[in-house]
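Here the chain labels run A, B, C, D, E and F in written order, and each chain numbers its own residues starting at 1.
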Amino acid sequence: MGLIEYSDASPEVRAIYDDIMATRGTDWINNFWKALAHDPVTLRRTWESIKQIMGPGALDPLVKEMIYVAVSTTNQCGYCIASHTAAARKAGMTDAMFAEVMAVVGMANETNRLASGYQVEIDERFLSGA
Amino acid sequence: MGLIEYSDASPEVRAIYDDIMATRGTDWINNFWKALAHDPVTLRRTWESIKQIMGPGALDPLVKEMIYVAVSTTNQCGYCIASHTAAARKAGMTDAMFAEVMAVVGMANETNRLASGYQVEIDERFLSGA
Amino acid sequence: MGLIEYSDASPEVRAIYDDIMATRGTDWINNFWKALAHDPVTLRRTWESIKQIMGPGALDPLVKEMIYVAVSTTNQCGYCIASHTAAARKAGMTDAMFAEVMAVVGMANETNRLASGYQVEIDERFLSGA
Amino acid sequence: MGLIEYSDASPEVRAIYDDIMATRGTDWINNFWKALAHDPVTLRRTWESIKQIMGPGALDPLVKEMIYVAVSTTNQCGYCIASHTAAARKAGMTDAMFAEVMAVVGMANETNRLASGYQVEIDERFLSGA
Amino acid sequence: MGLIEYSDASPEVRAIYDDIMATRGTDWINNFWKALAHDPVTLRRTWESIKQIMGPGALDPLVKEMIYVAVSTTNQCGYCIASHTAAARKAGMTDAMFAEVMAVVGMANETNRLASGYQVEIDERFLSGA
Amino acid sequence: MGLIEYSDASPEVRAIYDDIMATRGTDWINNFWKALAHDPVTLRRTWESIKQIMGPGALDPLVKEMIYVAVSTTNQCGYCIASHTAAARKAGMTDAMFAEVMAVVGMANETNRLASGYQVEIDERFLSGA
């Protein structure tokens, strides 16, 4: 379906593009948003949700970006790994931190299968505390 | 295959159980390890890896546990969600922090599919910086 | 392993290619079948199953193609997204319909993780009605 | 973390519960929302998104529910399969339609792996039309 | 939807049940087939496919069952892990073999994510040989 | 992050590269290890684990490689499918064996969803024998 550039965008889409750039302090829009722009309702809803979730809260912004990288890596989404690794680096992720995220992600994906394959029942203590 | 309790474990397995309890400062072993004990080689390797990865490093221990929760939730592994949510809480995760982890995980799983479904190409800027 | 073109195919494979083209009312074979042709038994079984499942039934052919797109997007299978989005468009999927499929797929992948991460128990009403 | 019942909910959460019941024409709230109520911001955002996405649009409401079932089945999310199968039945899904959804989901999950495992390249025709 | 027992099954379904029992040399039908029996067409197609795929071929029957366990464990499908672990044991899988399957599955799930997260490009040698 | 070639590697990394080549009886290192070399601790741990798991044991090396292919195909990890299909071929996998692996992987991914979607309960016999 192609990408909708700023110059070709409707005023409604331009307003969202402007908000993305202002919120992120950048002067460009990455392809994800240019693709979603074919559906302005989803573009707006997705951006508003991302802005709310990734904004100030109980967790550090860098931690949230690293969680985003962890999920994208688990799902093996090429675009998402590339874009959120870039975002995490911009938020302060060092090479050593990236390496640890990968190590945890790899190990979690391994132990998730071991727990399932051995059909391990949840401990009483976890259930009461959950 | 059942669970191997401490009292029924071989000296080799007991030594690993002892190290798990000493490292974690607890007096019990959760079911995951009691199931893996049927294969002492995997038990040892998995524990040594977990101990190394979850130990001191570039990331805060709490951050690592939250990443573990994020991956386990993405994989929808019931045992792993229960055990690592408990571990994250013990490491200091508050209700507000847990809620934000869930919000980011949910959003990442949504946008991963939007990026794939719209067949979004990776931006040049992400490739050069990756 | 490469692709097996019609001109290089055995009579057995050609017969299946012919049936694919006749059933679909097209004059070409897409790469998926040319790859499966290395294993004529799987080629035949897969085609017969697809023909049966995607043929006339309780659901509209377009609905079935959109479900195929939804699953392929969830699995993030690049080839499958491309081929079944094309098939769905041929069956009548408009841009607006595609956008809604994506919105539902994204939301379902989000709430699937929220339901798992919050460890939500299935409501009695759903169990009795299931 | 348990479930937040209507009688124990804050006015903010009650307002969302009221809107869910009014929109759906029911007099009860399923557990998913009672669990999300621990995080009113996510509760509101998720409900507003669901209401928008599942409301009137280019696709029939039943089609959307069946796509939801298809994604939840692909992800093997027990809660989501149970709740959205119930919702789809309420929206008119017959046994025969459910059976066809399952057949398509199963087949799509099979062919997704065949396409990946055989490393099938995307056909030119699909790329130009995507 | 419940399970369809032999005594309640139609002649068409009974014939398939009979073939399952005869092929497997058992006198009972596991729940998977009793659930699929609500859709006799899918029941027949799935059974015919399973019978063909799991029958004599280039791979040992035990190897095929272990691959089935490996996939089911990766997907974390509780029913499938239980049923195919039982089938693999019946086909000769020892405790040591099961433990190795689990170890390989866990490691593969780990390295799959490391390869994706580090965005590793496929080596030329693998492409030419693929 | 790029790949770390042998000539640019630290003595610690070179020692691991040497062990990989010696163990595998080859004179080259594939990209996966060159990418992991950015994190020597993970490089060492992953290689030691792979060497242990894929080494002599209760299962034939070829069987283990085919299980690796099966998991990688289920996860749809492009790099992993390419590298482990090559490894399996080197270990003796014929075209017919590859075709059967694919057939089993496809079928398992289909029935995994059918079992989940139909919400099939685990048979008593499987639980007692698990």
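Observations, loosely collected:
Everything that follows uses one rule, which is that contacts are C-beta pairs under 8 Å (C-beta built on N, C-alpha and C of every residue); 3 or more make two chains touch, one makes a residue touch a chain.
Predicted, not measured: the structure shown is a model, and the values here were computed from it.
Different-residue interface: subunit D and subunit E share under half of the residue numbers found at their contact.
The interface in B-C, A-D or C-E that matches D-F, meaning over half of the contact pairs are the same by residue number, belongs to B-C. Subunit A and subunit B have Cα centroids separated by 19 Å. Centres computed as Cα averages put subunit B at a distance of 27 Å from subunit D. Annotation for subunit B: residues 1, 38, 41-42, 46, 49, 74-78, 82, 96, 99, 101-103, 105-107, 109-112, 114, 116, 118-119, 130 touch two or more other chains.
The touching residues of subunit A, when paired with subunit E in their complex, are 69, 73-74, 76, 78, 81-82, 101-102, 105-107, 109-114, 116-119. Within the complex formed with subunit C, the subunit D residues making contact are 1, 28, 30-32, 35-36, 38, 42, 46, 49-50, 53-54, 57-59, 63-64, 66-68, 70-72, 74-75, 77-80, 82-86, 89, 94, 96-97, 99-101, 103-105, 107-112, 114-116, 118-123, 125-127, 129-130. Note for the complex: subunit F touches subunit A at residues 1, 38-39, 41-42, 46, 75-77, 130. Subunit D meets subunit A in the complex at residues 1, 41, 45, 49, 52, 130. Remark: subunit D residues 76, 95-96, 99, 102-103, 106, 119 touch subunit E in the complex.
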